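As written, the chains take the letters A, B and C, and residue 1 is the first residue of each chain.
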Amino acid sequence: MDAIVVDRLSYRYQAVGREILKNISFKVAPGEIVALVGLSGCGKSTLCMCLGGIIPHYLGGMLDGQVLINGKDTKEYRVARLALEVGLVFQDPDTQLFAPTVEDEIAFAPENLCLPVEEVATRVDNVLDTLGITSLRKTNPNHLSGGQKHLVAMGAVLALEPSILVLDELIAQLDPAGKRIINEILVDLRRRGKTILIVEHDPEAVSIADRMLVLEEGRLIKDGETATVLEWWESMLRHKYGCKSWTISGHAAGPE
Amino acid sequence: MTGLDPRTKIVMIICLSTLAVFLNEPWPLLLLFILTLVILLIMRINFFRIIMRFKKLLPLLLLMLIIQSVFSAGGDVLLSFQGVNILTTNGINTSLCILFRLLTFFSSAMIIMTSHSRDYVLALVQLKIPYEIAFMVLVSLRFLPVFIEEIKDTLVAMQLRGVDLQRIPWRHKIKFYTHLFAPLLSRVMLKAHQLAIAMEARAFRVYRRRTYLRLLHYSAKDYVAMVFFITATIAVLARDFLY
Amino acid sequence: MAYIDIENVSFCYPGQSRFVLRDINLRIYKEGVTAVTGANGSGKTTFSKLLIGLLKPVKGRIQLNGKLLSSLTLAQIGRQIGYVFQNPDKQLFCETVEEEIAFGVRNLGLPPERVTQKVREVMDYFELSRYAQAYPLSLSAGEKRRLALAAVFALEPGLLLLDEPTTGLDPYRKQLLGDYLDKLVAANRGVVVISHDQKFIDRYATRLLRLEDGQFIEE
């Protein structure tokens, strides 16, 4: 069974409004890392919302087509129930951190799963350790730097241990050290058969992906092996949008 | 006393403020205030800055002193002007009571700050309040300072775009403040919505119950402190009512 | 003459003993792109807040165009230094995108038709015209940053101060920002950019300042 199935998906916020997603279809197999790239406003984040069931459950609008997460139709399951299958790390950490300490933030999901206290504690310890943020355990997330907030947001979702992980513009915003940590985690998750969708507009952040999808103005315009599609997209950025090479990657490796 | 259960602290605050309401003479109120300060001292709370803020209230207290003296009869007249009493012992007493009462309210409320906001949520949950409601309280506590910070930054951004808040007349000022509150309100709404999404996306309310990594436990000193505060409060109040 | 003249400036946050900035002597000119880099938490944003008078130096003084910064109001400073916050959400407070850009332009004392024209120009340049009537806070992260940039650029201050301007911008929008920086420099305006986007700095910085242990190292 495919981990993610998107079948002829179209979406608009209002009945008469602009179509944000236009007839999108693709499948992701378990254990695959797929990158989804495109410029801001192309519908990447909207697609993420559809995968977690936030569309249609929280944001109304007109949804056509079907999204299946581990075989479950997102229209028929609550967001909290879908969260057991798919973990979403959103773009802006300030809208997803709400606990008074980093520890509480990470414990939140396993506590919701009604896991025994020892299991919650183990998960929290493990996540803090893998992300290298054990020293921040008792800190208020509000007092962290931008990069640290992103790591905590990632940790909070990792503690859920979902079989599918969706990262919305997480990697490009991290410093080189953070990028390295996240890449290691993703490679490890793939080895354990988890499915990962990386959503980015920075071509350099998606190098570990097995496959790459390109979205333009709500349409899926390319789907193929990473190296080929990346080259194709970069040349499109250069020629169609006049981008110079300095724009193609953001916080590239190198001294901070 | 630093390791007290948040529920004990709430009881302490209730006792202290109840006494502040019912006591009606300056000396006992002063004593109560000093007792509160001693508690804060033991809990290692720096109360100096908060107390200093009361300086701003002094003119108001002075006005109260005169109003009390002029309009309420009784007590010895200390100062009068053309037959109107400006200063009476009664006036001094009443305004001292108000001062000490306010001081006790504010300083006892500071006891709250010695516990983590998470502990209050746990207290609520362990008092059998539905955890959805407890979390609402937690989130609002967490975001209050964030929003205050944001208001400040927005005010700065407005001024940097050419509005001289110090020099424009009041009617215009009000117009600019509306600029401030409309986006703030929608930002609060937006944030609430996004937080609701973020919480449910992390499986919030997937089951009717949930577990907690840390739970609160009453210890012997909690019982001692609670019994002491409750009996002392009742004793003082009973004395007041009997005589 | 230096646009901003910083003399012996030290700063620490109230109640803290650690000095974030120590004895800084620096002149910033109304030309080229000055990049300020440094590790997370090295005091880059604190430095930018000192430059626009949001924080006051504990020691030393800052002069803007020959006038003591502490003697100027924020409104006066804002006309000379355009500041874009690290988080653009905070500086958007109007009902529509058009209104947001017009807010500052109206305070410039231009005739109304010139205001309308200017707002339209800026919106076109930043490709915000299709969102003219949209609610600023409902835009995407990249669009909000673009709008915040546009609203400040519209005031045409002599110096622009941008805190991490490339965060959240896609390659095409980064290119737009870069093109506008080129234009500004050509029009004899100075730009101070706080960033750790190495490629962006390599491409645009005419002067590179690294903040380390509370002091600047010129590179």
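The rule we apply is simple: a contact is a pair of C-beta atoms (placed from the backbone, for glycine too) under 8 Å apart; a residue touches a chain by one contact, two chains touch by 3 or more.
If you're wondering where the values come from, they're calculated on a predicted model, not measured in any experiment.
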Most distant chain from subunit A by Cα centroid: B
Pair exhibiting more inter-chain C-beta contacts, A-C or B-C: A-C
Euclidean distance of C-alpha centroids - subunit B vs subunit C, Å: 39
Inter-chain centre distance, subunit A versus subunit C - centres from mean C-alpha coordinates, in Å: 31
Subunit C residues counted as touching two or more neighbouring chains: none
Residues within subunit A bordering two or more other chains: 92
In the complex with subunit A, residue positions of subunit B that touch it: 116-118, 138-139, 141-143, 145-146, 191, 193-207, 209-213
Subunit B-facing residues of subunit A, complex: 52, 54, 58, 78-81, 83-84, 87-88, 90, 92, 95-96, 98-101, 103-104, 107-117, 120-121, 124, 142, 156-157, 160
Subunit C partner contacts - residues on subunit B that touch it in the complex: 150, 153-154, 156-167, 179-180, 182-183, 186-187, 190
Parts of subunit C lying in touch with subunit A, wherever the complex brings them together: 37-41, 86-87, 140-143, 166-175, 178, 196-200, 202-203
Of all residues in subunit C, those that touch subunit B in their complex: 52, 54, 73-79, 82-83, 85, 89-95, 103-104, 107-108, 135-137, 151-152, 155
